[in-house]
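Here come two complexes built around chain A, the first alongside chain B, the second alongside chain C.
Presenting the complex of A and B:
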């Protein structure tokens, strides 16, 4: 930049700068656009339209072959780590699913209604009761419980990952800067891209589905844990320090409790995103409502697909309202104690 | 500082523009109008073979109607569509397009007339939708597609067979030493069978077979979710040399690879297909699937010359294995496979008139 900014007193440099300084951005961008079009026109007449990138500089295919090899290598050589993980997830999920199926549906509905009533109020209680009965009426009860088991496992794993990573990111700007692009990639990478490797690594069925769901759903929980802790007011932190807290005490007794409403908002978003993944998860053999939708579409039965879709929406609304109300309650309790 | 940055950008752009303009002026071949790319230009053809009068003035000829293919989203479907598309575009000189679709939307697009040609209508899996559309007169059969195909409910890798020579027929799955080979965490103590794609006819057929063979207590059907997932799971198992029991079909890239890279596969013995057994519990092997080329009825009016070509189309095992084998070995794109197929095999030339075949080869070279 030293070159670009001539020393004061250099008449030439000053002149050019003054000339540009008088121009507003509008002219600069406008001029840029005109030059762009000129260049494009000249280039197109030189090289023709649809100019291809020179093949000798392309490396996508060669790279892709390497990635394929790597995936096979991991599949074979890391099986001793991956297989126990897969079996563990699967065992846990099978147990949880069996439990959900074991509880008679009237008991489940009463429990869900009671929780919705207590946490989110009378209207939500009534909504939960009616919509869960509706779910049964659609003939989707079993699928819904399968989906709930999948979501529960995915969300639990997500929380288990998000809290430590979020806390680390809140305490270190370096970690924060490192994980941010990774989280962006996790949220935007099309799920189909990592579904096939997920199957290779973990096998068909629920473990791969859980992995894919966690990849997609964990970022908001990490981001909001990070944000929640960073948002705790400096005054509060200073006051706590003044009383001689260790940094561990500061985290566990001040920052995390005060961040809990934000963390819960993150978990709420994570759960919603996990629910949004169930149809994609069904493409790797996860059962439940997603499978109902997938199956209906492959047989051209839009009506059945809609039933399954409504089932997912019902679950989403109940979970969303209840967790939001819980977060709000917590928030109000915090505000109350502060006043 | 901001302004200085713009000065540099402006300066650079202006320099580039001047440089390019200067080069342009020096280059006698440069013309201000964009040149057509990618497709061979008619002038280039004329220069090479001025005596050849068979060549169309323009190929593809934009005044002809566009022919749209359903690119079905599996290997043979894509390869067949790509080869046919090249012939229609470079031989018959129709502009072409392809839309990537899976089975059900693919059928719907053909019925609606959004696409004109679908190279693979698998009758057993789509029997209801296809017969309804045939009755309504919106679609027609344009002859046989793939001929040599198989599907089987109980396939195992050859290495599993070699290690367990006694595992010969479906009935052997009732023996603990054999069904326990395929046991996993989620198979409830039974053999895990990777079933067909959910919602397809073969899924129901396989379930019916399990029941009529009395295998309910020994075999647990697992839903793979999708074709891609099924293939990935089998590949991973083959790569790890794990024992795996699966439904599959061929010829396919996966079964080709199983044969060439993983020592082969073995199909558990079943009674041979017969109509009687199929109607009573399906206690026998699958029969050959009928696969047709489907066309939207409009094709007969907009491009009648394509009908004899499609009817002569014969993508038999030799052709299919050549194309899919080349794809598997060279890791080539589908379009490259089509070009390779047209340049290196002979049989397709009998499906079209001689001048069309010459046209295709000429335009490929150009």
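Presenting the complex of A and C:
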């Protein structure tokens, strides 16, 4: 802590370095801040305050134009890829939604209650029963089923992407380093930024909503798949390898089964994030509870908006508790107790 | 440092043969062993290049069917060594031959085949799969070989029975105690039916009593199976109990190699002496070290009279009788010979004493003590083939035990080297 006394001998360079090394960090940062303020003051008096970044060094606008061009180009020239994707998502979604609407609501409620009861216990079973009846009472049943179909499709696509990408990232540090900033960007980039390209690629409607939802919701599933595989104990992996497992056997028989609780936690988070996207997704044409909220807001009906919001909350709580309980059960199965 | 090449002399091929094995951890290690590296000490290398020596010029042979113990403290390189034998860690220089094939030249496929069929390993921390049942864990080596479920479960149940885990087949490993989990680890290795079993401190994590049980279990199994076992431990008493041959490692290098008795009798340096000091030698040292030449060796076909004369010449009152091919036949005394002479016997068979039992030369000194402590004269000692190897005087046995108990009284730490582990 104390200031070092100036060194004796050994040359000047060494002496200065030793003297600095003797200073505590606090003095160095404090001194740095004072020097910064002095430089700022000198600079402001030289060039004036509110100094603008010189126009000729900016490139943002030019770049933006290029990006616009690129997106147009993709829209026009890659339609042969984008259209089947759009059609496929749409067909999948419609089939699922039709199914959810086709099942009579009492059957759905009984089934959901039974699952919640079995997986998450008696209290959650009762909560599911009451809250789903409430959902019907609010007049939100159809919207809720529409939203469920959207979430289901988005989550299934997310899992389909997250498992292979997460596995690749777990097995290669290079892939891990490459996808990490991309995932960070996907999670922090405001959703509105990719809504427009989504519409341009897939057209207004549910496919674009699904795409936007997947972009927003897929990162945790990828991250936790990666993490789950990486955190399998090195001792277990070594023991498995010592008996001559191929790397494929190691993955399929050891790493993935042991990573499943973590992967399920990732899917749980992905599902929650997908639910959080339903209102934004309704801006590009998704129906369901998000659309109810959106319409109510645009017509100045806060009461209806609240109804829709409560509907989303009910779905979120049931899905969250049930998937968490399932992950926990799996974790416990891994950690012991009789088969 | 002598390389113990026991067995190679009579032409049998060693099961495992390690030559000039080095492991240097770090980046930029040269692909060929340089003089500079060879001559630097561990500390010099670390300071100059940031390299850490894991193994330094390790050489040894393991004979088929023996238990070969590698012993050293943590950081001595013993765990690195056993992992290089499976190439779980790739050695930097040297060769490892198993059945005459250099496993370091193996391709990826050959290596996997080698790990599947030639070897199996037991780990200190078990390394069981928590999501599989006990029987599935035991069958692991067979499962990855692609053996179908019925067959591998049958084999798994056999080995689980062998290690005393019948009835636990369908439990998860984490519900079992440490000792039982290690039995699963042992069963997994045995199920693969390997030529060479590698055991990396398998009993170090267990309670002392359980550890002793497991050691006895291993000795029992080894008597039935005669596998080649390479056993890693930091516990000298464990090494002495299990090992036919022992190497002692320090800082990645082998500092002594030999049988337990050889190491106890002639520790190579102060480091080894430190280990040896706390071991109860009498339970390891055999009668062979106390053996004296037989004073009066009589032949079965001698007449009682001739035998009495032979005894008289040496001034002894008793002697040992051998058959034609040096096989021990029994002991006679002057008195018994005189009696036989009177009854008209023509050879010594009538004079044999029935209260003298020969001792085996492989018997430990402490085991021999109760048998000889009340005897007055020298006792006969035979070798494994029943031949008269020599005699041992009760005096020398008692003296050795006395010396040891004196030493223990001075040095209260009677704990063995390994008893403080974990």
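As a convention for this text, the second predicted complex is superposed on the first by the 326 of 339 C-alpha atoms of A that agree within 3 Å, B and C clash if a C-alpha of one lies under 4 Å from a C-alpha of the other, contacts with A are read in each partner's own complex, and residues count from 1 in each chain.
We adopt the following convention: a residue touches a chain if its C-beta (ideal position, glycine included) is under 8 Å from a C-beta of that chain, and two chains touch if they have at least 3 such contacts.
Note that the structure is a prediction, hence the values are computed from the model and not measured.
Once chain A of one complex is fitted onto chain A of the other, the partner contacts of A:294 are limited to chain B, with no touch recorded for chain C. Once the two complexes are overlaid on the shared chain, A:253 sits against chain C while remaining clear of chain B.
By the touch criterion stated above, A:76 is placed in contact with chain B alone, chain C being left untouched.
Contacts of A:333 after superposition: chain C is touched, whereas chain B is not reached. Counting the residues of chain A that each partner touches, chain B and chain C differ, and the larger count belongs to B. Once the two complexes are laid over each other on the shared chain, residue contacts for A:241 go to chain C alone; chain B is not touched. On chain A, the patch touched by chain B and the patch touched by chain C do not overlap at any residue.
Residues 235-236, 238-246, 249, 253-254, 257-258, 333-339 of chain A are the ones touching chain C in the complex. The touching residues of chain C, counted against chain A in their complex, run 86, 88, 112-117, 119-121, 123, 125-131, 133, 140-141, 143-145, 170-172, 174-175, 188, 192, 198. Residues 1, 3-10, 13-14, 16-17, 20-21, 23-24, 27, 30-38, 102-104, 107-108, 129, 184-186, 194, 197-200, 222-226, 228-230, 232-233, 235-236, 239-240, 331 of chain B are the ones that touch chain A when the two sit in their complex. Listed in rising order, the residues of chain A touching chain B in the complex are 1, 4-5, 16-17, 20-21, 28, 31-32, 35-36, 38-39, 42-46, 48-52, 61, 65, 72, 75-76, 79, 87, 90-91, 94, 192, 195-196, 199-201, 203-206, 208, 282-287, 291, 294-300.
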